[in-house]
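This is the structure I have questions about; it appears just below.
Just so it is clear, A, B, C and D label the chains in written order, and each chain counts residues from 1 on its own.
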């Protein structure tokens, strides 16, 4: 059966990339869901650029504290060993290379790993938040997004037409159709959604995909 | 004895903010660490042609209902009142919301100028200004619109752009506790931009949940030393 | 589960410091905040050709007797042992003491290089390196020997010089308490350069008065988040 | 009777410059003595560049804590309302203009207010510590020093021959013989030690002194 992954499943797949003991920052929107899918037995420390390291799950209604929010303005819960700091210190940590993985949403990713995730036509007053800092500073940049736009246009493109967040920063792209690694040779198609073929995914992708020799179905 | 820094109300605390002033406003998003009582007092006070430096432009009361039941006030009120001529920050408006925030509306009508700054660069430009430095080179924004018009430099084979310091005439900030000298501590993620901005303004005005006597704050845990704080208002939660 | 960061002894904690490494050493003067047990362990360990970044060069055991009855060890021991090829700091030797500190003697014999840096510039260069920035403009040192060979820039009519970031392979620091994850708090003026250096090294090694369990440190008062700490040794006072 | 002020008296005179509520940093050596001479009824907040604001007197032997030291490595006592911070934050405070007065020692001061207070012939391995930062950042720079060297050479000179700490930074010079203000017009002799005449002080001063219209004996 041919299926597209839902947002929860994309987040689940992304969370599998979090190594034991790693420091992870989750961007605005879909990436935030990853917090609920940490693989069993792994310790992951979530950093949030508003000044917190080591927080827990999203808060239930009863737990909600509006002075305890992640960078998506969602109340989260405290965990032992966590700490708070100010915005300048948070970005020292980010630019200084102490974030192992950042998961970001995107409008477009190019075949070279360029990322466009903040500006779009008709909305000149939006901004990049901490996205540029995170894309420039994190060791590994994972993009989670839908493979195509609402109108079916590819988001994985030869060259970004939307304003860039950072050039050549993306490591891995996880969509509702595929897991794609950005390499020096180009975009390597590592995993594919159940029931989909390589030509079908390529048809929805502007950039050329190089099927991996060990290409497999997305594992969950 | 040192001057009395304790004010009875937010209205008294924002007195003297002049037309054309540059104002930093603490907080992060549209709630949590935002000095909302000072913001609302400033909207009553009416100073105009302000340059506002804040992480986010606010959503305004109407849109806020989508975020939190019943809605809430945020920085949007200053744009609604037409008090701002320029906004400097990382998230003028949220792309995930309709284009109806007061700032976005005013911008689309050509009534306010926006300088968009990556969030970490914003924090560092403020720290740079607070520390009396002239500017710094950062890799953030290289190859993007942010680099436009800025000096570039290659250092050890890596590209950087020059970013300039930010300071302000006034900072409006939110802290958890102050002693009467002006030493401050914060609570959880309400810390965010507040301590950074507190250090970068000629006059820093703070609203706090609790005002305590001198000696009641452990000297090891003070985040903002009192030399940075000029006016304090207690607003009990 | 995260790697175990707790080491049984200072000797184990300084293992792997290699010849030619750049090492930051916390503290301020010749005592108070100095990670003296790690320093002494490093002098036993024997790594050579080190570049040492520290605020002060130390007075050595002989001169220390003039400062504190009975004398004490400080950074001087690394120079006495001939382990250092270059020192970067603000006070290589104290002008008010005889020219007999181990660093000053070695310097006068041409056996060690010194780069003297104003103290605030030293702190800022380390913070700059820690924060992944490329350099900054400061007014400190303009018109002095410190400006020699450095890029100058006039910004808003004021003169500045360009200072470059500092980072290190290892930082040896002293804190008051650590939890087993590596979150740190300091005590009084023993804070000084320790938190700044902790953030700027590939491997940060800390000696602490007390090691506590995770959850024992109030998240509001942690000064150094655990991501910056790699090896911890408890040395009870 | 002709007298030279002793170090205690120089410090006492310097401390009279501390306005109520002011933030003061005391340099290495003689300036440290000022902490014991705060005028009655004035609150002065001492800042120390090793990361402390609002400390008290020098500690007695019983009070000594070697993790509670001023920038001259002397144990001092805590006071209510004080706080601690790191070296980078201490120098943000200094360069950022939050130190009202710094009192520094000096080898030489020039007629333009240039300061030389750290390096001297034969001691190439000494350093400037925080002196350059303080001289560049403080609102008011007071120098306390002996009027001449041990061999009788003037320390107030036309042009510093010792390495500079900062140019045109000194506001006021207090010596064992005089109080001298640095002005746009030159060095104004404001106060003179008991029993000394203007020509006598000028003879020990290389730079030209302009006697103030209200020149008086040093008041203590």
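Rule of thumb we're sticking to: a residue touches a chain if its C-beta (ideal position, glycine included) is under 8 Å from a C-beta of that chain, and two chains touch if they have at least 3 such contacts.
Note that this is a predicted model, so its numbers are computed, not measured.
The set of chains in contact with chain A as well as chain B comprises C. Here the CA centre of chain A is 37 Å from the CA centre of chain C. For the pair chain A and chain D, the distance between mean C-alpha positions equals 56 Å. In whole angstrom, the spacing between the mean C-alpha positions of chain B and chain C is 34.
Shared interface positions of chain D, defined as residues touching 2 or more other chains, are 78, 84-85, 91, 94-95, 136-137.
Of all residues in chain C, those that touch two or more other chains are 124, 127, 131-133, 138-139, 186-188, 219-220. If touching chains are joined by edges, the resulting network of the protein chains shown has some other shape, matching none of path, cycle, star or complete graph.
According to the touch criterion at the top of this document, the contacting chain pairs are A-B, A-C, B-C, B-D, C-D.
Per the touch definition, chain D reaches chain B in the complex via residues 20-21, 23, 41, 43, 45, 47, 53-54, 78, 80-85, 91-98, 136-137.
The residues of chain C lying in touch with chain B in their complex are 124, 128, 131-139, 153, 155, 158, 160, 164, 185-188, 218-221. Listed in rising order, the residues of chain D touching chain C in the complex are 28-29, 48-52, 65-69, 71, 73, 78, 84-88, 90-91, 94-95, 118-120, 122-133, 136-137, 163-167. Chain B meets chain A in the complex at residues 28-33, 55, 57, 67-68, 89-96, 99, 101, 103-104, 107-108, 114, 116-124, 126-127, 138-146, 186-196, 223.
Against chain D, in their complex, chain B makes its touches with residues 1-3, 127, 130-133, 179, 181, 183, 199-200, 214-215, 217, 219-220, 222, 225-228.
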